[in-house]
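Please read the structure below before turning to the comments.
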Amino acid sequence: MVAPNYELIAQDGLETSLLEVSMGPHHPSTHGVFRMDVKLDGETVVDLKPVFGYLHRNHEKLAENMSYLANMPFTDRLDYFNSMTNNWAYALAAEGLVEIEVPERAEYLRVIMAELTRLVNHVSLVGFFVNDLGALGTPLMYAFREREKILDLFEEASGARMMCNYFRFGGLRCDVPAGWLDRAREVVDQFPEFLDEYEKLLCENEIILSRTQGIGTLSRELAINAGITGPMLRASGVAYDLRKVDAYGIYDRFQFRVPYGEVGDCYDRFMVRMLEMRESVQILRQALDGIPEGEIMGKAPRVFKPKPAEVYGRVEGPKGELGFYLIADGTPKPYRYRVRPPSLINLTVLRDMCLGQKIADAVVILGSIDIVLGEVDR
Amino acid sequence: MSFLGGGIFSGMAVTLRNFVGSYFDPDRLTTNDYSWRPEGQLPQSAGEYPREEGEQLSDTTTVTNYSRNFPMLLHDGGDNPMDAIRCVACQICERECPPQCIYIEKDYDENGKFIKRPAVFDIDISVCMGCQICVEVCPFDSIVMNSQFELSTPNRFDGLLLHRGDLLKSNDYYHRIHPEEAKARDQRMAVEKAAKEAKKKAAAEAAKKKAEEKARAEAEAKAQEETGDKEEEAQ
Amino acid sequence: MTQEITFWVLAIIAVCGALVAVVRRNLIHGVFALMIFFAALAGLFLLLLAEFIAAVQILVYIGAVGILLLFAIMLTERVTGDDGRSITARGWFWGLAAAVAVFVFLLLPAIQEADLPESTQSIQPSVKALGHKLMDPYVVTLEVLALLLTAALIGAVAVAQGAEVNKKEDSDDA
Amino acid sequence: MSFELVVAILIATVPLLAIFPSLFALTTWLERKALARIQNRRGPNKVGVPCTRIGLFGLGQPAADGIKMLFKEDIVPKGADRLFHLLAPILALIPAMLVLCFLPLDFSFLAVWDESVAKDIKAVQGFALDGAVIFFFAITGINTLSVFMAGWASRNKYSLLGGMRAIAQMISYEIPLVLSAVVVVMMVGSLNAKEIADAQVGWNWFVFTPWGLAAFIIFFIAALAETNRSPFDLPEAESELIAGYFTEYSGFKFALFFLGEYISMFAISGLAAVLFLGGGEGPGVAGYPWLAVVWFLAKIFSLIFVMIWLRGTLPRLRVDQLMAFAWKFLLPLSILNILVAGFAHFIPQGNVVAKVAVWMVSLGILYAAAKGLNGLSRAEVKPREYKYAQ
């Protein structure tokens, strides 16, 4: 990685001054209210400072003044693309405080919801990413059409499209309505067909290849040292997936593979997500085949009042490891509540990846990190 | 930089197929066309938005069986809804509401005695996020989610603060918008009520029995006393 | 009549453009004024029915020279130049004197001695004729010019390449 | 100046000024509609006849847009150069409109009442100039200035970056553009647009020759860059520079930029039609001269549709790739194409075998050169294979 070499610029004969551009918070491709203070030499990025916190809304402190259950809807709003996995991580943490048996059907439904969420996230991320590359929204529109179908399923099951608030400590809020599983299977069965078209449109396009290959390379070492997780880590060549490592829920029952890249550039990050979608479809098919009838809620106490304990619950969210750290002090409210947001931690390497690249690449690299500002700023 | 590969052309083939296909295959379309919808009939809930041309405007579809927007208060019918309101102003929802958008005041009769219903029940829907936590914590099944969403108003402060009267809806309305959920809830309530009544009955019987026993015991005691007295007298 | 009006309009525009180009402190304004002058000049060429020259005037002077000037200005630090220092206000007298001297001693005799044609209608310089002239009597000149330009192009490439190579070595050292 | 001459000049110019701006409105509608269909949307379908619910496929949309643009507030940023900020959109429009007169759209058939007027019209039409093609390129070059002016006068860093990008890009792509046109000029031996079009009468379109095909492709790519169309829309790159040089423009000034951009699209597609697609040539032109205009516009629109199609498909190039593509790929290729055209011209093509041989050899040389140039550039990119962990 090329460090910002100001001396080099000065030596170059012509005495040029750096152009400071403040990209954001109102910029079309910072994915929300995010700002990059970029120093440019011509079009080359020589320094970059990510500035965030514009969307800070006191999520963690708020949770300490609320009952455990009442905080569940707020976790939806962390990463508003993946409310289901957010719920799961929080439920997993809270279930660690009180021994609750989650019924079989609920476990299956949790997996189905989480993998559908992964599809939603990845498919729209790829759309946004290609939008950042400059395609005029065509892949995004295709992605959103598929996303709509899955969101329809979410609405049917939980009553809301994005802010699902569906998971409960010890199960799920309600069972899925009659016929839902068939409709879900229909959506899942159609999905590979769409993926084929999507891959044909994007994966071999020479412009996309030359715009993304070798851009924003994140080395294996830096990725591990910086605590990067999720598809970004796998793109850098570390096949680390919490679904395999922790095997939380019932993930050990499903056959699926974990794709990983070698170079760690934008193309790898983009392709790892494309391939992960196919694996998610595999998991979904198995889960939809194997789902049993039965109860949806375990025997949870009506008032959730855990004994003093510390617990950390984590899931493999679509963006990386999403963890909730809770300290209970015997009251109905958590004593300490902390989120480990994958978006924020993945964002920390933005500067390292952008230095020496063109300004257009900075946008692409930011897009390939896959951030949601609701989660970054909390 | 190279354009020699076929990637660009295969991409262009995909877009051309979509261009042509969007005219023939309505499944491809991302958006729905509502231009044929009769004018002046704005849908009032999500269920009323039909999906295809020709489909009638309907009150409900199964898609929105669980759909939730803002809470409403249930009453069990009758001319005066306030008599049949289920809410007993226990204020659990007020405490549990994550964004703290519910405001309840208890109702008292002229003697200052608490009658089990709310005098004020306000929900600020500019704050409410429709999370349904209040529905879950309510022990009396009195608050459920409405799916009506055309709530826009020119008045930012008063218009968005729904009062008791705005929130009161009959159980029939609930059945109309969320049939399955309402049925399940009614069943559960019936079961609970039956259980409660059985319990009450059992309790009443037990009490009756107890009372009878007590009475009998008292009578016996009295009889004994009396006999004792008599005995004493006899002695 | 129409021709005369057109001539005067174009001439006034040209002179005004040239004056503004000299007087304006803002360099970018100056360049654009210069381009107005070029455009007016092209119009004058058209008036003389020298359409090829007019086209070349626009192509080369506005399309190339002007843009080159803009690039050069953008590379300098003070673009707007809206402070008094960018062009010294003093010394205008000597400048004017020098200009008048050049005009009187060099250009005036040249203009006086030039054998100007009586009417513009007498010449019909077509593009084809020009091409033939270039390819026939002046072909050696053309080829020499082409060679020179090619050499300049290769030189520019070499200079740019060299800078890049040096840069790479520097960064390797660093 | 006689009255007949004034009439002739009016007939030669007014249709141009009437047709193309109204086609602009149609094209914005067409673009929105086609892009929408590519993206599986419906596109504009509501605005039709006012005060009714007649949709007319949304054909009223451009009018509605225009009215909206007119009534929008004209915002000039503080610190902007007010004069240049105003002049830039006007300067963008003038050359775009000016070059239209070099397209061989012969309106002399309109003067049905007087043969002499028709003759006058033929004389005053812009494309009758000897150096029409040169003029075309010269005046297109002025567009660059307006873009720079807008970028500089807005006093916005994005605008400035967009302006600088625009200059670099337009100058670079002008060279392959001109060099690919040179092939045709060389073959016809004239810079006159009318003569070039006439040389292709009877389906002898230059695009049906090997060098013509190569030159057409190069010309079209360079034309995309010249008009800032996707995938070369870097000066107005939305994801990087917000809107590039017209970030700070609103209201009618913005509309003028828009208009200028579309008119130059027409102009450059028109030139492509003249140079390679036979101009107004088509069935039935000999009998009905007005059909030539129709055919010409049809060719322009088919080229514009391809531009829209590309816009709906492709992402954007990066600025260094853009320059490398122009200088290291298109430029050598177009120079080689001139040579190929020269050779192809001197080989007798009497029978089919010779024709096919010339085709094969010419395209073979060009393809090999393209391959070689491609190999010269930095490490080739290709799809990768991915591994899976169980």
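Letters A, B, C and D name the chains as they come in the text, with residue numbers starting at 1 for each one.
Everything below uses one rule, namely that contacts are C-beta pairs under 8 Å (C-beta built on N, C-alpha and C of every residue); 3 or more make two chains touch, one makes a residue touch a chain.
Just so it is clear, the structure is predicted and the values come from calculations on it, not from any experiment.
Where are there more C-beta contacts: B-D or A-B?
A-B
Among the chains, which one keeps its Cα centre farthest from the Cα centre of chain A?
Taking each chain's C-alpha mean as its centre, the farthest from chain A is C.
In terms of Cα-based centroids, which chain occupies the most central position?
If we average C-alpha coordinates per chain, A lands closest to the whole-structure average.
Can you give the whole-Å distance between the Cα centres of chain B and chain C?
So the centroids are 81 Å from each other.
If you average the CA atoms of chain A and of chain C, how far apart do the two points sit, in angstrom?
Result: the chain centres lie 58 Å from each other.
Indicate the whole-number Å distance between the mean C-alpha point of chain A and the mean C-alpha point of chain B.
Measuring from centre to centre gives 33 Å for this pair.
Where in chain C do residues touch two or more of the other chains?
none
Could you check chain B for residues that touch two or more other chains and list them?
1-2, 4-5, 8, 11, 14-15, 18, 28-30
Give the residues of chain D touching no fewer than two other chains, as numbers and ranges.
Residues 38-41, 312-314, 317, 321, 381-382.
Provide the residue numbers of chain A that touch chain B in the complex, in ascending order.
66-67, 69-74, 76, 138, 141-142, 144-145, 148, 152, 155-160, 163, 165, 173-174, 177-179, 197, 200-210
Can you list the residues on chain D that touch chain C in the complex?
Listed in rising order, the residues are 1, 81, 84, 129-131, 134-135, 137-139, 141-142, 144-145, 148-149, 152, 164, 167, 171, 174, 190-191.
Using the touch rule from the top, collect the residues of chain B that touch chain A in their complex.
Those in contact with chain A are residues 1-8, 10-11, 13-15, 18, 28-30, 62-68, 96-98, 129-133, 136-137, 145, 180-181.
Can you list the chain D residues touching chain B in their complex?
Residues 34, 37-42, 45-46, 53, 55, 309-310, 312-314, 317, 321, 324-325, 328-329, 370-371, 374, 377, 380-382 of chain D touch chain B in their complex.
Going by the contact rule at the top, pick out the chain B residues touching chain D in the complex.
On the chain B side, the touching residues are 1-2, 4-5, 8, 11-12, 14-16, 18-19, 21-23, 28-31, 33, 35, 39.
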